[in-house]
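In what comes next, chain A is part of two complexes: it sits with chain B in the first one and with chain C in the second one.
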Partner chain A sequence: MNRSFLAQNPSVLWFLVLLGLFTLVVTVLSEAFGVGFLSTSFVKTLGKTLCLCLIAIAMDVVWGYCGILSLGHFAFFGIGGYAIGMWLMYARTEGIVAESLSNQIIPPTSQELQDAIASQIFGVVGASEFPTLWTFAHSLPLQLLMILLVPGLLALVFGWLAFRSRVTGVYLSILTQAMTLALSLYLFQNDSGLRGNNGLSGLQNIPGAEGVPQSVISIWFLWGSALALGLGYVLFAWVVSGKMGSVIRAIRDDETRVRFLGYHVETYKLFVFTLTAVVAGIAGALYYPQAGIINPAEIAPIASIYLAVWVAIGGRGRLYGAVMGTVVVTLASSWFTGGGAPDVNLGVYTIQWTDWWLVLLGFSFVAVTLFFPQGLGGLVDKLKGAKA
Partner chain B sequence: MLRAFLALLLLTGLTAQPGHAQEANLQDLLQEHQAQIIKPSRTKVGPAIEALASSGLPSVPLFLEKWRDKNVYVAEDGLFYVVAGGTATDVSTGEPVSGVDADTLDPIRPNGGVRRVINEALVEFQLSDPDITRRTEAVDAISRNLDPSQVEPLSKAIENETNAALKLRKQRLLNYLAARYGETTEARIDAIKALKDDLSVDGRAVLSQILATSTEAAPNLPEDENIARVLEPGTDISRADAYAMIEDKADLPPVLSASEIRTALEANVEGAKVAGVSVGTLTTQDARAAAYDRLAATGAVAPRATEDTIGETLAAWTIYDVYDEDDTAVTEAARDTQNAVNTRVGVSQTADLALDAISLASIYFLAAIGLAITFGVMGVINMAHGEFIMMGAYTGYVVQQIIPNYTLSLVVALPLAFIVTFAAGVAMERLVIRHLYTRPLETLLATFGISIALQQLAKNIFGTQARPLTSPSWLDGNWAINDVISISYIRVAIFVLALIFLGLLLFILKKTRLGLEVRAVTQNPRMAASMGINPDKIKMMTFGLGSGIAGIAGVAIGLYAKVTSEMGADYIVQSFMTVVVGGVGNVWGTLAGATMIGTLQKGIEWFNPSNTLAAQTYMILFIILFIQFRPKGIVALKGRAAGD
Partner chain C sequence: MSTLLEMSGVSVSFDGFKAINNLSFQIGEPELRAIIGPNGAGKTTFMDIITGKTKPDEGRISWGDKNISLLGMSESQIAREGIGRKFQKPTVFEAQTVRENLAMALKNPRGPFDVLLYKKTRQGAERIEAIAEQTGLADVLTRVAGELSHGQKQWLEIGMLLAQEPRLLLVDEPAAGMTPAEREKTTEMLVNAAKTRAVVVVEHDMEFIRRLKCRVTCLCEGSVLAEGSIDHVTSNPNVIDVYLGR
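So, the complex of A and B:
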């Protein structure tokens, strides 16, 4: 099975080889394990981009292959980030608090420890007790389980409700957008139990690795993100190939016809929606320790729309297209907004790219939709066609 | 020369003479009561102030103010002067007096009691002041701080009050005073009952002040006090608070917090042991409490209240609320009246809430109706709709920069905003959307691209700070129906605008050729085309119309909120939901959707007023659930028109 699957999809092997080479090159050029050509912050940017690629291929499967334009997948990404962030914050604060209480004459009770940790974490929103949301925050394995369970369950319930009542097309897009908006508005409250708009911070400090410099940690996370992306790629390539893949694509092309052929469309859609949500959660859990901070603004509806933009620019319906779109748009975005692009002097007016980048992106997005519906991936197909 | 001399004479005569006459009068009067004024005492100053007040001199109030503020000085010859800015001035005219050095004068410093007497006299003057703003100020001052001494001046000032509204206020105020400080129980009860129809904050405050209670603890319920209610520890009052009250009275041992116990134990550690126990074992709160009790038994620390003592004490004592007011009849009347008032306030608040909801609904309606039309006709969601709203608002702003008259600029801005966004909408339809009719999901993304580009363009042109769109002065202020129900005129205007658009759209869709064609294309574009309708033209016109209405909505929204490049984004999701909830392609559906979302949001906010974020969250959750039951919205197209 495995051999035939890879034989059917040579692009998967190509992708894995390229990903491995990329990781190797970055490691060799990094400060921690190599010549120091790449700064730690740039290594982190690359690691974060890999995580974004992971959620982008998830988005590609749900939209490009299954035809569900979800405008809420960043909600799952954010939930994954919050889940890992809770453990990171708890464990780190516990270490600090335990050290500061250790020189007392009478050893602290567990209640005293809890209270001290809670007031340390929640003092900023004026609370001093752990909300029920944090029940499992002390345990890494349980919290890792949450990364899979919470986005999965949310997607399952939401998808079941939506698909069961045959909400499709633009309606579903709006509904998923409403979902992520509701979640971000909820998290913006100070009494949400997740520190309101302060979010969770200091996530780049990994408990148990206090002595390890950030340059090394950044490489660890780059490896982790690359591994997750590689595994995710293989998983999704397997899902969209074979008979199941055909059904999923058929649902995209004509849902009614597939239903009349006797397939249970809702189950397939629910499976794809939930699976991609779980992968999005994993991507978020790898992303935010590299970003260092997560707050509710991260899961505002606009983020999920950008996700759709990456996939569309890269070209839907091909996994490497999603990766290409993400890499091109995020790196170009940081190049333009970071002041990397030179200003264009038009004589009467000077175009500063920090101000004009979004205008350029917006219009180029319109152009891509109009003239290159196959996106960047379509160009690759054309090259291949020319070669063959 | 002669003329100049005459003019001079006239001038000095005009200015000096009346002042001179007054000066003589007030100064003479002051001289009569010289002793009481120079060294006033609270008990003896009465006749002097009475004489001043009854003299009817116009300069008396000002003098009293200066006297109170310690600005009146006395010279060695006994004459009084007001010192302002280091120079001596005349007591009645306030003009500098030559030949008197301010430094040689002695200040007069009335004490607090005297100043209060002066104040009372002043209130009386202000209440009858010819200037209505000063009279209003005096009434405001009294209502801020009710005091029995105000009864008399107030009742005197009612008769001669010419302004009807102010007279009513004065009578109300007198009634408040009577309710709180009336001499007989009957008079107070009558006054309290008269408050039944008064929904104002002041009136309600009077009632709650009469019903003010304080919490007491006693072994037995006292019989001679006006008891409001008995409190049950644990439900009405926390056990800790209840015990703390009794602890003070009965000299019981205090309840110690965990940290207090810990500090006490730490102070008594001897060789890693406390009360015979190793400190290493004190890792639970129970172990620490036990160790503390053992320490207390040896007398090393003061005993603490255990859970048992607290229980016993609470069982033996009664905690109750007692009215500050002693008279049972008064408090009962006040409570009855308060209940009646609260019912009426509740009804009014519901009405006020309904008004708020309608106003919010009309904003959503305006923002969403354009979206609904384009969505209905083309099955296309325009993500740039919010940016058309913004464009309309900025058009209004630019017009106001050119035409400074706010009314005129509004009259110009409304049609201009329509034209600008109509043109933008038609351009967008021709250039982009036309090519994507077969790919509706991609329209969503292409229009999103336009949306971010337009937003950033607006930011580049107008900057990131909010721009004001000032409403004309006749739209300022509130329309107050009673003390609780009020709504700002801008919101009324937006409501009217929404009504106009509802009517206009219904007219266009039902009574014109264009409307007929639009409805035909909505229901079945191919069939419409075969009947000779050009769907391309209709789609272009509809898109322009929908965008134009967004522009007008932008002006309306800009009037009561600020104009920013992100204002469209704030409304877009609500607009989507209005359309989705209401049902597509139907004006009534959008109306129903807007009404439902507006009412829902205000209703949830009412349950949880401090938290509008939570209200929005719950509203969205509700909508997500609602869609489960009516996936095609409240007003769904039926039959073949519904399509897929």
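So, the complex of A and C:
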């Protein structure tokens, strides 16, 4: 990544400037560091949206640039969330348990402490021992490593098996969807070791920052998410520029031809699939502490389909398009489903947007696909073209 | 002229149909060779086998100075060994510029990390310009390949093959759909390319083949029916029977 890369891609600089400005404005308007115009929960919504933008640009690279329509990238997002959630829950419960046991005359042994934490966390699914999955939950650095390693390894193994057998197109999409569905169903079981359908909760409480109000923590996470999105954007813009980008787009358009040019197509796909899975994991790890809770429903196939819808509406093959699509659709979604949009009274029937929003979204998806395949990002290109 | 590629006793069948039947073939370096034959003679399958797209049921293919076997290698490995292929339908990457198309084909390390960290070099740029000059694409380097005419796309694909610097070039019906002027230019390109490497041209157009002034192999039902100069092959009664017609 050298200077000439940024000079050759002015859109990256523009994006970073806008992202910085956005973060600054939100900070100034927040309750914690500013005038208090934006509520803490809205700041969290914005922070979460930034995380969704991060996974959306990952999706754009794997689908829009490389042509792999993965309908399973939310699995990696969820794994990232679970990985950080395990530490958050463990460390916080440890603090609470240690405090309640400290009143006893005889100080608790470490075994007693462990058992108490375990029954606190797993009582809800009728267990009282730590599953093997939680071996590293006590250690923040190790769990942070898991955020990268688990999605990376899963993507590597899954991708290797799928790409090696030359599974492409719709079959690959179905396979990825099956992967996320299987993972979700597995996690729904109480003995999966991750609290079944209860999921992990209380993730908004950051151990070691008990005295810090949520309004401040929300801004910390906003900054963290903005930083991750900025870095992710630069990374992906770099990957899809230059010769690598050329080869990746060529694989999307005609992978057989790329093979006869001497490129080992499977390795390239695996590289893109794994890299984007790791970034999706990071996005998830930043998202769920802001959401406060993660459960297996989060990684149901529908989530990954939404992801594809954001990227399609935003315009495939443009990183800023993926960001635009995500921002517009998620904010519109929370406006419509949150009761922000007024109901439409047709006399015989009242359109309630909480029910009809999905229909509207479906129609917009169809309309964009049919009439504006360039998506929202295409509008930017048109403006650029009009100016030039 | 030393032998570059030797196929011996190669057979392949699809659902019981013998597409290639005990075929033996060899080509030296440098050499220009034309392959003719009726539809279904196995011309395209022959190329598929050499480039690794189709695995033969039996037979041997040895390649290069060390006589290594091409069987069991993947398409991309075979391409890296120095075998380039041009398809019947021009297949260039239409969404990318002519320069990007050529840059991708340039002979360079093909691993993902090599490509990711690839830096444009002056030699690379000069090589691209030289190839563009050779293939008559110098004025359209910055154009998107999808905007090129049919003939230009064919040349771009030939240019990409030259950029790969292959030792063996397999060309499937290069003259199809070309104007007479374009044909002439294509002939010249192929003859020039064959001065330093082996080139195999599959073509139906006898006039085009005559202009290549090279050895001709006639395939029929998956084996060699006749081989030799164009006059020798075209006067062979079997060839007249199955292919040229009376």
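Basically, the second predicted complex is superposed on the first by the 387 of 388 C-alpha atoms of A that agree within 3 Å, B and C clash if a C-alpha of one lies under 4 Å from a C-alpha of the other, contacts with A are read in each partner's own complex, and residues count from 1 in each chain.
Note that a residue touches a chain if its C-beta (ideal position, glycine included) is under 8 Å from a C-beta of that chain, and two chains touch if they have at least 3 such contacts.
Worth saying up front: this structure is predicted, and the values here are computed from it rather than measured.
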Clash or fit, chain B versus chain C on superposed chain A: fit
Touched partner set for A:Pro107, first chain B, second chain C, both or neither: first
Which of chain B and chain C A:Arg257 touches, first, second, both or neither: second
Three-chain overlay, vertex chain A: chain B-chain C angle, C-alpha, nearest 10 degrees: 100
Contacts of A:Gly202 with chain B and chain C, given as first, second, both or neither: neither
Of chain B and chain C, the chain that contacts the larger number of chain A residues: B
Partner chain(s) touched by A:Leu358 [first = chain B, second = chain C, both, neither]: first
Partner chain in contact with A:Val170 - chain B first, chain C second, else both or neither: first
Touched partner set for A:Pro373, first chain B, second chain C, both or neither: first
First (chain B), second (chain C), both or neither touched by A:Gln189: first
Shortest CA-CA distance in Å separating chain B from chain C in the superposed model: 6
Interface residues of chain A shared between complexes with chain B and chain C: 256
Sites on chain A touched by chain B in the complex: 67, 69, 104-112, 158, 161-162, 164-167, 169-171, 173-175, 177-179, 181-182, 185-186, 188-189, 256, 301-302, 305, 308-309, 312, 355-359, 361-366, 369-370, 373
Chain A to chain C touching residues, read off their complex: 239, 242-244, 246-247, 249-250, 253-254, 256-257, 259-265, 267-268, 271
Residues of chain C that touch chain A when the two form their complex: 51, 74-77, 79-80, 84-85, 87, 91, 93-96, 100, 103-105, 110-112, 115-116, 118, 120, 160, 164
Complex interface listing, chain B residues touching chain A: 258, 262, 265-266, 269, 274, 279-280, 282-285, 288, 375, 379, 381, 383, 432, 435-436, 439-442, 444-446, 448-457, 459-460, 569, 573, 576-577, 580, 611, 613-614, 616-617, 620-621, 623-625, 627-629, 631, 644
